[in-house]
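In what follows, chain A forms one complex with chain B and a second complex with chain C.
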Partner chain A sequence: MFCLLYNHQKGPWDEYLILIVSMLLSVGLMTIYRLNESLGLKQLVWIAVGLGMFFAFYHVYIKVDKWDRFAYVYISLCAALYLVTLILGRNINGAVNWIVIGGFSFQPSELCKILFVFFLAAYFKNPDNLFLTKYIQDERLRILLNRALLMLVVYCNIGLLVLQRELGTALLLYSTFLVVLYVFSKDLKMFLINSAFIVPGVILGYFKFYHLRVRVDAWINPWADITDKGYQITQSLFAIASGGFFGTGIGMGRPDMVPAVSTDFIFSAICEEMGIFGGAAVVLLCMLFTYRGIKIVLGLKDRFKKVLGLGIVTMIGLQTFIIIGGVIKLIPLTGITLPFVSYGGSSLVTSFIALGILQVISNPRFDRVGGEADG
Partner chain B sequence: MDENKKIIHVLIAICSLFFIIVGYLTYIQLFRSRDFMANTYNRRQFKIEENTARGNIYDRNGVLLAYSEAKGGEQERIYPYGSLYSQVIGYSSKVYGKSQIEAAYNKELLGVDDLSQVFGMVSGSNLPTRKGNNLYLTVDHKLQALGGELLNGKKGAVVAMDPKTGEILALVSSPNFDPHAKELEKNWQSMVESPDAPFLCRAVQGLYAPGSTFKILITAAAIENGLENKVFDDSGSIVIDGREIRNSESKAHGKIDLKRALAVSSNVVYAQLGTELGMTKFTDITNRAGFEMGIPFDIPMSKSRFPYEKMDKTDLAEAAIGQGKILVTPLHMAMITAGIANEGVMMEPVLVKSITNSEGKSSKEIKVNRLGRIMEADVAEKIKVMMQEVVTSGTGYNAAIKGINVAGKTGTAENELSVKKKAKEHSWFVGFAPAEDPKIAVAVIVEYEGSGGDVAASIARKVMKEYLSH
Partner chain C sequence: MFEIILLLVKVVFTLVIYLFIFGVIRLIYLDIKSMSVSKTDNTGFYPYLKLINQREMLSFKVEENYTLKKSVTIGRNDKNDIVIKDPFISGIHAYIMVEDQSIRIKDMGSKNGTFVNGTRLNEGEIVSLKDGDNIKIGHVKFLFVSMGK
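The block that comes next holds the complex of A and B.
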């Protein structure tokens, strides 16, 4: 669907990313349509909306300069979205993270992912120099305070997501944060301290939050509680096992027995009907996406863009790992969508926005946008 | 740039995670998928079948042999003739799976082989009950029922086939079992442990020494090697390398030719023929006849055995009279006989004549295939004449039908009990009729019933007569 819009000779964006995303979209759309015709048509509409947002953000990003100056805006927007969710939120599938406006349900946490990456990019544009720059002269104190505030913002974000039972997104933000710290933090100490947080975090969460404990129990032994806690994951494993290497053929399997099959568990449906060769193909496409994205990031000179690009690529790559790893019982299952494949408007639109930003920063013509080049 | 190096680390880390996923998926598929599939909470295995009425199975004339009926939301498989087809059609049970035709044609019976079905299945979850394809077997129900009646209470097999097309007309094995799922689940353990082996389809999986029925192949080799007109001296017994081989009741037949030797089933003559032919010519004819060869068939069939690496004179003598290490299945023996009836050409056996969809449109006609030539047509013609003499004035007189020329050969096969005089030999008969234009070839074996000229020959006569009378 991109081919018509895209000039092969001298495209304004990276053609491989577009091709990979087209393939993922097609596999997803086909599977969703096979599972539920009306959902498939809705997904088609969402793809169109996503495409619109893709172009919109592509051009807005070029027009609006100084993206690196809006750190406080990103935090406030994020906070506002969470607030709105808490007030207007509907409980859908056990997670209070949906806003329903005029019949359309919308998941604000999806947008928060993008805002989060923007915030990180603004912070690391000039590391540890974002907050209170004018008021504190002592450099060591300023760095310390900056880091503390950064962690406060990040963990508030993650904490709110856990409260909303958005474990997948929380895990995703946390791991993206760690990756950015690893690459851009001035010393490794910050990265190590934050990595260590996962241990008390998980222990605390396991004993404090029932919904987290259920996930872990279902991961360790889903067969013990096959009728309730382990139901989803075992049904997913049945689907994958019945597909074999080459799948039952599209329309020949029974992926409809897997709960949430068109969103979180779409990978199980793909494995059942297209075999694990089909599943591996999806994984490899995501890997190619990551590779291509990282390649763009490597060539970027501007620090803001570099953090932004890395954040986006890591986020999409890790999201894929977290959900696929979850449905095949490699890691505990956390509800999250498979980017570009799962059904879902918020997820699809967010992924398209992320793609648009990735494309615009990959274009050297707009090098001046979003901060001065430092090379 | 240091940052770029770290970005590469990130790339490597994420790619490794993806490879772990692919590796883990492969692990699941290779080592765990069987357990997952068999899990009782996996509704997948029953769901397709609940939504599909398995197709019907008919005999060649449209007699209904198996059908499915919805009972309390579940499909129940019903076999109107009970145990008669248990080893041909098999069973279809949720607990024990499927066997024979039910297993081999599962996809066809469920109707999931058709491409048009795929496109009609876009929303596969809410399908109304579908109807699978119907199978038409080559079996003639009248003949099968007669075979079942004649073998009732005995152990053995009756195979009847059309020599020209290879179509199986009857495939009876005894003892058998009740294939209905409920009965099967109730009696499974006792049937598995039964020394009578009711699950064994003797007609295609039972391996027996062919006894004197094997002499028809030795006769072919003898004719091919110019021994047709040789006259032998039969004194009732012969010693070959210290091993004494005797005729039935040690009867001496005096000076006889090959034709007469076959008619009276002279072990003395054939033991000599075996040693005279030697191993090379011996294995040549058994290879052409399909020993040690996997014969394609709709239900699992055992390979007939000719396991000699080296043959000394006693081996040759014993093998020539169908004893020793040679083992055949009744179906294979019927195929060899049919090959002689069909001018030396052995046909591939077929059990399914056609497949039709639920609206009755034929979707597949099974083709008739040549399996290979056992012997030249003139040799087959000569053996045919000799086999007629077996019935008119030899051991096979019990197979004679008034007004019809029957060709045949009896066999009396020693077994593990008869050697110790604890039981009688296995009773064999192979034959075809009418000799001038063969319509049916049969092989009958009845275990521990003694001379083939008695029990087996009269069963064969009744089967051939029944088939030729309509």
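The block that comes next holds the complex of A and C.
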């Protein structure tokens, strides 16, 4: 249905991304409207805003040429957004990550995801040569300092997200960072050191933070405390199970029993009312999206765009994996949205911005050789 | 009665979603298939077609080089080996026959004609190509490069 808004003239850019996304949007909008009519109408408005942002960023990205020069801007913007959240943040649904301005609430951490990917791309355009290039002549020292600063920025980002109790996004940024590091860093040691951080991080988090412990306990055995801690996940499992192969039919099930069903748990609602075939279709669409994205990235010449594209694709792909895995009790549940399907303005707009950037990158007309040739 | 209708609607709905996914996968498959003809690195060992137009001036997808390992068809239709979505190119426009030593081009009855060095081929006419020949199909101009260099 949203294809109508798209330019029909076939250009040299990728035509499949928007097709896949429009199907995901249709399924999501249908489910949200069935769950709550006013939310459905709001979601429709957000989709319109998101499409506007999609086209806006498509053109802004082309107009501004030197995106790789703004590494410091990305860091400071990120820091400013976190600072604003820490001061003005409101606690909605257990996470202190909302800013409410005149009855209009939004989640700055969603924007930080995009800024984070841009920062990574600026760093890996010319690996280990971003900071202090003029002041330090010794190459080994410079590389070491650069890596230390990169890790500092990345772990500050993740740490601030954990402070806001936004574990899902923190996990998402961490895994995106690892993937980008694995693909683009020349040094395998750097990757191993960074991936080793997860073990003490998780152990420390488990014993230090109560809300993390609750999540893990509810994952290991939700049936032990079915009325309180395990309520959400068990209701989700009941909903998925009651769907069967073809579902109960839209409007015939009771997905409203699951808490937060229109945002994080929308996958359970889809599974209940459209059946496991509907759910598998959503997973399949997300896989196709990721596949298309990786295919675009493989064909690129400019290294900055390569990292940027890979970061965006991994982010959207992993986001889908983390939330669907959480909902079906494959991995511990962390609350993030299912991109393009869940209700949520900030999430939808951010996903559309990411899509817009991916769409420009996919156009070979704007691709030129830049950065280091290998990799 | 209601249950039967519900079941039917549900099945049809699931079918529609999967048909859509099937369509997308089919499009992607065709895209990859057209890539396997063009993206071989063997230029220099095999004769190939080199694009003369500036790619930026064309509003459709076309590769810089097309390697001619075996006989290929050129046209707008997705079934062709070399698919070029130029509106001035016919469904099946031309056929390039690759044999041991000779490479010949045949017009498959196209609307706007196939031109070799500026002369239009008649329908079904077969012309053998030599190094440096200009081939014009629709808006697209190719330079034919044979291996004998």
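As a convention for this text, the second predicted complex is superposed on the first by the 358 of 375 C-alpha atoms of A that agree within 3 Å, B and C clash if a C-alpha of one lies under 4 Å from a C-alpha of the other, contacts with A are read in each partner's own complex, and residues count from 1 in each chain.
Heads up, the rule we're going with is that a contact is a pair of C-beta atoms (placed from the backbone, for glycine too) under 8 Å apart; a residue touches a chain by one contact, two chains touch by 3 or more.
From a predicted model like this one, the values you see are computed outputs, not experimental measurements.
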First, second, both or neither for A:Leu145, with chain B first and chain C second: neither
Touching partner for A:Thr234 - first (chain B), second (chain C), both, neither: first
Chain B versus chain C as contact partner of A:Leu19, first or second or both or neither: second
Partner chain(s) touched by A:Val60 [first = chain B, second = chain C, both, neither]: neither
Which superposed partner A:Leu44 touches (first chain B, second chain C, both, neither): neither
First, second, both or neither for A:Gly249, with chain B first and chain C second: both
Chain B versus chain C as contact partner of A:Gly278, first or second or both or neither: second
Which superposed partner A:Phe321 touches (first chain B, second chain C, both, neither): first
Between chain B and chain C, more extensive residue contact with chain A: B
Intersection of chain A interface sets (partners chain B, chain C): 249-250, 252, 284, 291
For the chain A and chain C complex, residues of the former touching the latter: 9-12, 15-16, 19-20, 23, 27, 246-247, 249-250, 252, 274-275, 277-278, 281, 284-285, 288, 291-292, 364-365
Contact set on chain B toward chain A in their complex: 3-4, 6-11, 14-15, 17-18, 20-22, 24-26, 28-29, 32-34, 36-37, 39, 41-44, 47-48, 112, 118-119, 121-125
Of all residues in chain C, those that touch chain A in their complex: 6-7, 9-11, 13-14, 17-18, 20-21, 24-25, 27-28, 31, 55-56, 59-61, 85
Parts of chain A lying in touch with chain B, wherever the complex brings them together: 33-37, 179, 182-184, 226-227, 234, 237-242, 244-245, 249-254, 256-257, 271, 276, 279-280, 283-284, 286-287, 290-291, 294, 297-298, 306, 310, 314, 317-318, 320-321, 324-325, 328, 330
